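Note that the chains take the letters A, B, C and D in the order they are written out, and that residue 1 is the start of every chain.
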């Protein structure tokens, strides 16, 4: 199943990205190669044909050029040019952060990030060199979505490793503490106390197995919103469950039931959501506590029920049960 | 022994943290649930009952409220409120960095870090809505020490992993160089030269063993303050010593003597301490060089003597010596 | 929700970890366990477990990252909104429903954005924050948890996760409609 | 201390590493060792050694971090200061004595703070910086060094370390009193 979802995500992303990019090519979103006229107020001019100034872009012209109503007010943007004696050369437009679309995207994928580069031509100085008229032609922008999808793939892959390496410390801490509890017999003790509660949910697990205690502690940590502790404890629970797994590499019923409880996301106080609401100036940030609990309960109950129902139709089911019974 | 010290550190920390927190609860340091009156100068008001302003907090009132003389001058703090038609709602107080205690701690453990949140009530607008009187009730603050202890545990555990992973590079460098010296026979050569010096300190180590050279180089690096080289060389020395260890997992006499020399901390020029003194404007930062060396010599001599004396009373001692003799 | 209950849960979540640590170590002392040695023994697994997760997490985040960046979400919202309109789900909440199981940071961003445009106390604001607060990043959890024990055949875990997510989102929608909306 | 001696030690500590590297490689060349291959062979151990340390360092820094944050230090100073007053140790230096073997960064912070409040050239300033400069973070060293070779039974290493620390601190106190204080 994960095979299909993974393939689906990857292929859909690529198809959609190509679609967007073809749309941009066909409708010429970035007006590649088209000329854009500006008036520049000079602020600084050296002898070698290099000058700085402020390019005045009128909203009317910009909207007409790109065929979209994106710019409400005229814009003044710093520009730097190098031109020869005939009035041709290159320019660099230092785009502000609140620049309008196409330009913002063009600047993001420009060779000099945040600036638009290109060829300037037909520079005419007027009014004792305090002002100039010129025509800009931007570096062409192509296949923006494809580039952003590729970049996202690489960024997320790096993030994945950072997340995993960042887990080492808390994993070590909780595995160390759990080992102390295990050796001291505390985990078996907890598992025995919880027997009536867990016999129904996890019939395959022996009643005094440390997995039960790890599952309980993971669920408790999740409910209290202690994510730093929840993940290591959950992984410990999975490792304990895997010790009972007769077929390494294939999920057992108990694992899937555990994950159903875990992904249900039952949190007594959803702290992140409340903090975002409070920061946004809510008059009652905590109002979602009750509704969140009900939503999460729906998810958890549905998940556990589904795991119990679906395990009957699973291909690997019988093998696992038989092997376990043989033990 | 390390078991006892470890348990002691952890349990004492928890007990002390609980003690501090109970003190805070009993003496109500944070005035949880108490009302705090303020006058607010409005700066910005939208129609939907949302307004921003500057809350004026007088030193007299603040000190009386918290029963401590912590605030010398009156304070003006930006505030944002959302109130209903009756004058009740929530507020967010954007605390400056130099805010006085309890508030600074309260803001540190607030859901929106750096701000105080809570319920505002009895809002009365005066003077054509340019000013408002109101009563604030802050989100309760509980068990601050417990939270900071838990946070410290997690932070230090992450730091531990960062330190270890940061060692990989220098470890590899020095182990590589040491391997070259070992294969070239240089380590044996050094060990033989030092024989008269080390026979007394490390009688269990064969006189041409590479461990001697690693110990020498670690000590030299420590004395010269080259910590980047000292740790890898020390670990190399430990690994060489461990090759002579008949009972893996139990420290040998030679290891403990080596650690006594190492933790003595003999440095010819204590650079960090001198730098801190210079930065603090000392008229003679280097004055501690002589005293530091004498202090470190005391520690080293005491440590080595103690290791030689205590090894006679150690439980595992005879076994190790016998096993070594058998070889 | 009752303030007292909320406060006691908050206090419980603060003291839970210190209490668990104290309980473990005191119990171990009674049982004469060599705590430091045993702790180290258990902690050794930390590195290998974390490293074992890497390929699974890379695979999962690779696909999710591309999906996020491609803008495919907008197309899904466009296609699905006629359907979700039938059950009274506001179109603005649909990106949250689709993104929540895939990416925690993306759905957090969606939530903040909706708070800004619609206000946190609007029906959509309450609904979206309920949805965020009442579920987990299912696919991330699947990747990490199964990755830690090298499970590649997940059997019915994915359908179970999706069913749970759909029911959780529907539950959040219905309870918000009952309490705050016009049903 | 003589400036010439100080300068020559400084120069020695600068050129030590390049000299050692040059010596090793030249000696290896004479002995016809394949330096690159042998270097890589040895360097391989770097990763496993560093990883082997992790659980020990996690265990030790976990306890030390909690101890630092708990404020237990203040209580120890309160309890111990009547005792240390007897031997003429200033109460302000006591936190340094207690923290130095546990945490390098904490004791560095303590030293900077004392420099600020008492001045670097005051008796306490000189004493505290002598104490900092004349000892090592014993427990950190124990965790790392024993961790690298998987030693869990440390035998008498901890008492030896504590005896060395106590003697070092006493030595620093006495020499500072003799040279700068009123004995």
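Criterion: a contact is a pair of C-beta atoms (placed from the backbone, for glycine too) under 8 Å apart; a residue touches a chain by one contact, two chains touch by 3 or more.
Bear in mind that the values here come from a model prediction, so they are computed numbers and not experimental data.
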- By how many degrees does subunit A turn when fitted onto subunit B using C-alpha atoms, rounded in steps of 5? 120
- The chain pair with the larger count of contacting C-beta pairs, comparing B-C against A-C, is A-C
- Message: Measuring between Cα centroids, what's the chain most distant from subunit A?
- Response: D
- Note on the structure: Distance in whole angstrom between the CA centres of subunit A and subunit B is 33
- Message: Need the CA-centroid distance for the pair subunit A / subunit C, whole Å please.
- Response: 14
- Query: Distance-wise, how many Å sit between the C-alpha centres of subunit A and subunit D, to the nearest whole number?
  - Reply: 43
- Item | Shared-contact residues (touching 2 or more other chains) in subunit A | 165, 168-169, 172-173, 176, 274, 281-285
- Junction residues of subunit C - those touching two or more other chains: 10, 17, 21, 25, 34-37, 39-44, 46-47, 119, 121
- Mapping chain-to-chain touches, which pattern fits: line, ring, star, complete or other? complete
- Note on the structure: Residue positions on subunit B within touch of subunit D in the complex are 1-2, 5-6, 9-10, 12-14, 16-17, 20, 145, 148-149, 151-153, 155-157, 159-161, 163-165, 167-173, 175-186, 217, 220-221, 224-226, 229, 231-232, 234-235, 238-239, 241-242, 245, 248-251, 255-256, 259-260, 262-265, 267-270, 272-274, 276-277, 280-303, 306-307, 310-311, 313-317
- Residue ranges of subunit A touching subunit B (in the complex, touch as defined): 165-166, 168-170, 172-173, 228, 271, 274-275, 278-279, 281-285
- Item | Complex interface listing, subunit C residues touching subunit D | 34, 36-37, 39-44, 46-47
- Note on the structure: The subunit B residues in contact with subunit A across the complex are 49-50, 80, 82-84, 89-90, 92, 111-112, 115, 117, 153-154, 157-161, 165
- Within their complex, subunit B touches subunit C through residues 2-3, 6-7, 10-11, 14, 17-18, 48, 82, 140, 142-143, 146-147, 149-150, 153
